[in-house]
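Letters A, B, C, D and E mark the chains in the order given here, with residues in each chain numbered from 1 onward.
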């Protein structure tokens, strides 16, 4: 009776498992990754980390330098998220099913957001590096573009989810387009939107490290500097500062998120 | 406007001034957050170390560059097939880290889910994982690059660290959402812990496990690109770094950008499709 | 008696080809309480929405207050809509805002873009909102957030929002479908009360025939996009019900013989 | 008649200080159908769960099948649990899995870690599952996913899962609380049938006193963690009901005088 | 790609790590030629590891993840400090064919158009580089960072105002310089200057035959002017003909091909050393590129690989 049912089910699981193993194997060959080396690397790394990668009393002298850069990075991350949020909001309004003005604009704004979101922030950094050089602005713009793409999509979904109902009600009361946006769409989605912005700030701080390494600004730059100088004690201090900052920001935004509900 | 209200059954007098906005805690928090963020943004713009950069000319130059990047891509230092190879390597890096991450995260998340272990274990695992997550991926890769060697080993292990911690959080939250009853029922039949995990927890959470994993795969592709660029991990990202930061050949960057974009879009479509399908 | 609303040969065909209304003709007098009944998908919602042009009719004319509004657009349309209040099955409130803010939304049609966007309402308007809420028994909840209200309370906020528009006509699209019987009765009583005391014309979609018969001055039966009954509740026969609802009329468990005219609470 | 279960001075105090059970004593004979009734929070669920040690009693002894199981842990506990089937108000099925897979979960207690984890069941076990499902009228649904079943069907899957354990005792925690009356009757009939024909002892929490009286051989009344009634349904008086449920007994709309013994369907 | 079983495989391949400068695409043939010599000598497979970071190359040698590497002097001494098993194998000589002139030079240059601003009494001086935008190669580069910074510090610390000038002050803008860039390679640093991103740049003379040619003055003399060759590859393709003036020239010891002696058998060490120092290699035009062609090393007189000891690099250690 039930043999074929269980057999097909088991076969399916085996096929899925087989595909995963195959993909793993293929990827390992392609990237010349060697699992045994990889596993061996971990204890090695831990040993290396404990013997080299820790802040020393000497490295504490760099703390003010590091903190200054961390501050710069925090500000860049926040500014990029906030400015991106403003643009993203406009694009999301134009792109959302509920509030779109015309189909053409909606498609256009979606396409634009997709473009900026699907190209990694590292790509933008390198292009921007050519014109803005090693300045905070390079980092700002790189993060801005990436945030913009992500937030546009997030906002669009938020607005879509906030529902047509209040919009319909205001429309039927004779309210115009702009007042409808501000009186129905914004209040319905504001807490979600704020929550996305906070999330974006967190993401940006992480990405800023990468962008900083690529473009020579902020906390990424100073890590890179110490790292390339092989001053691993100072570099580890940078990591500590980053970790503490990110954990703090996470806690803070979790608090705000809960309070906003 | 209009005449005063036509409706006036016997009414008590209303307060002379009526405020419409009542400051609830949530409104206060939202406004404070908004104000603080706005102020920090403005303050940020004033403090940015722009080194006498001429803003508008630079911005215009950037647009010109974007135009070149997107309108005039070309091949120079590498061929089409090399670009495909680069993309494939990057994809493979992304796949590998996702799979390694998913497998390790699966077991860790069993320890991190409060309903599967005890609160202490769960908190310890969650804290460790949060700290690992707070270290940006690129730093993991760079740290491993020195400590453990070059190229893909460092890249895969370093990138996996972040995947593991991210997925551990996501998976354990999925596990915690599972109805206590599903676990209780199997416990009552005399099933052991692993049996409960594989017969109840996994099937129950499968949908969200898969959807989180795919989401992470999308992210990991981007990370793999970035690691090629920032940490020399190879693949298309490395080519991009060379083209952009070493050869200053933005037209070639355009080619690479298109490759990356194409894959990213394919991945997104794939992941949306899969998510839609497994939800059924 | 003056005619407030007249529909002449109104048809609506949706983009996907569904013919929701075909050649609908009827008129409503000022102060009348008219209930539209019909099975699901008959076109009741479409009919109501064609009146305030939330949906653009494909064909025919809608005459409101002696003006042919079929071609209204932009400003004139918005101005027209201030004269027509609308009440929804799902209340359609902005849940995160307070009760009074939601009520004041009914004034947006009268305001400039800027003051509307910023939510700057005059003291008069606020007083009016206050009195309406008092009248509807929501004095205590004025500053409460709407997501903390019960369904019946939400619908009363919806009514207040429509009333503050100073409408001549109220369109109600299944206003009690989501409510428990006791809240439903409260809402119907309020609507009847408004119609009686304020002389506001009410056009209401209902799917409970018995309630429609209890409250309405006139009943319009819609089936497959066409008006198949138009007359006083007392004229509605089992045969008509069958025409409106098709052969499954018995499933509706409607008991027409045996209904009492519910006394309308005079507050 | 042999005693299957005996509770001696069982008490349970939760971590937060709530005393859910205090000095509970009773015994259940083999094949008996015993119903536990009592108001919400009385300790019914706690009582049931102390038997299969899903909750560890703070004090007292539980004797099952002549063995004191109070100290059971690990393997011996799991083995004990295979002898005690449990049925839940919310069915507690793995919704994504098929009916037969859920039923086979009842065999997990008998399997090794590996074969259990991988879901490798023997042909015998599958046959048994099939027959149980057939008996419970779910032959058609065998390969259906459980999220596609109705509540009544889900509960029958739950019963099949418990039965495949070959239990001596079935613990049922409000098995019909989420069901409509007709499905509830089917489930109660099945349970009674199982008890009668398979000689499985059934201990069932119910909050409908009338149903308890219709089906049970004996009723145990729990109030505030203590047993305040223990006897045949026919001995239960309005006074007892009041003792069990407190002064609001009238709110329960229980009509003890006037109940018929429902005939148990013999399949 | 090579597959599994790390242990055995590792011994059959020799990994050579290259600095970012030598990782450039147009030096591929040159790298291959050197790999070839090593492969022929040992009979083993030789794998290239290209890097984007100096320190990854250094750490690779230190940890034994790579067996051989062409390094800078500064990088070598750091590697040796971290792990004494890292020792120099050979170094490329100067025109004499001996260690005596196994030197190259570190330059500090400015664009020719701006050169007049950096003149004092008709002679170039670094006095005016204070507050300018500076481009170095990488913090772990010898000629692109260590040498020029020590030169600058030595020059300025004579003045009271700059008495306490430290290397740290050179690494970040806003201290001594208004901005500090790192080109990540000598090519990158030079390009920073010629593209106008930096006012002053430090890089080495060895870019000359491949990318630059002399316009006036003598090579490796202060005040000499050079321009980008017309056939220069990236990153100079869009900078053809741009000119710059060398303000300061400091000699630097050539960097060795170093090895991690623990991860390479004695036998192989000898074989490689012999092969590299052979006449055959010295005459291999792919390894030592004659004038007009591109290579990692250029043929100048009798230039060849010669054996070198760790102590030879004490001169660099004295810099600190």
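Criterion: a contact is a pair of C-beta atoms (placed from the backbone, for glycine too) under 8 Å apart; a residue touches a chain by one contact, two chains touch by 3 or more.
For reference, the UniProt names are A, B = ABC transporter permease subunit; C, D = Phosphonate ABC transporter ATP-binding protein.
Everything quoted here is computed from the prediction, not taken from an experiment.
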| item | value |
| --- | --- |
| Shortest chain-hopping distance from chain A out to chain E | 1 |
| B-E or A-B, whichever has more C-beta pairs in contact | A-B |
| Chain with minimal offset from the mean of all protein Cα atoms | B |
| Centroid distance [mean C-alpha coordinates] between chain E and chain C, Å | 83 |
| Where chain B and chain D are represented by their mean Cα positions, the distance between them in whole Å | 46 |
| Chain C-chain D separation of Cα centroids, rounded to whole Å | 51 |
| Residues within chain A bordering two or more other chains | 30-32, 34, 37, 44, 48, 133-134, 190-191, 227 |
| Multi-partner residues of chain E (at least 2 other chains) | 53, 55, 59, 63, 179 |
| Residue ranges of chain B touching chain A (in the complex, touch as defined) | 25-26, 29-30, 33-34, 37-38, 40-41, 43-45, 47-51, 53, 55, 58-59, 61-62, 65-66, 69, 88-89, 91-93, 95-96, 99, 130-131, 134-139, 142-144, 146-149, 151-157, 222, 225-226, 229-230, 234-235, 237, 240-241, 244-245, 248, 250, 253, 256-257, 260-261, 264-265, 268 |
| Complex interface listing, chain A residues touching chain C | 165-166, 168-176, 178-184, 187-188, 190-191 |
| Complex contact set, residues of chain A against chain B | 20, 23-24, 26-28, 30-34, 37-38, 41-42, 44-45, 48-49, 53, 72, 75-76, 78-79, 81-83, 114-115, 118-123, 126-137, 140-141, 190-191, 194, 197-198, 206-207, 209-210, 213-214, 217, 220, 223, 227, 232, 239, 242-243, 246-247, 250, 256, 259-261 |
| Residue ranges of chain B touching chain D (in the complex, touch as defined) | 179, 181-182, 184-192, 194-195, 197-200, 203-204, 206-207 |
| Chain E contact footprint on chain B (complex, rising order) | 49, 51-52, 76-77, 145-151, 231-232, 238, 241-242, 245-249 |
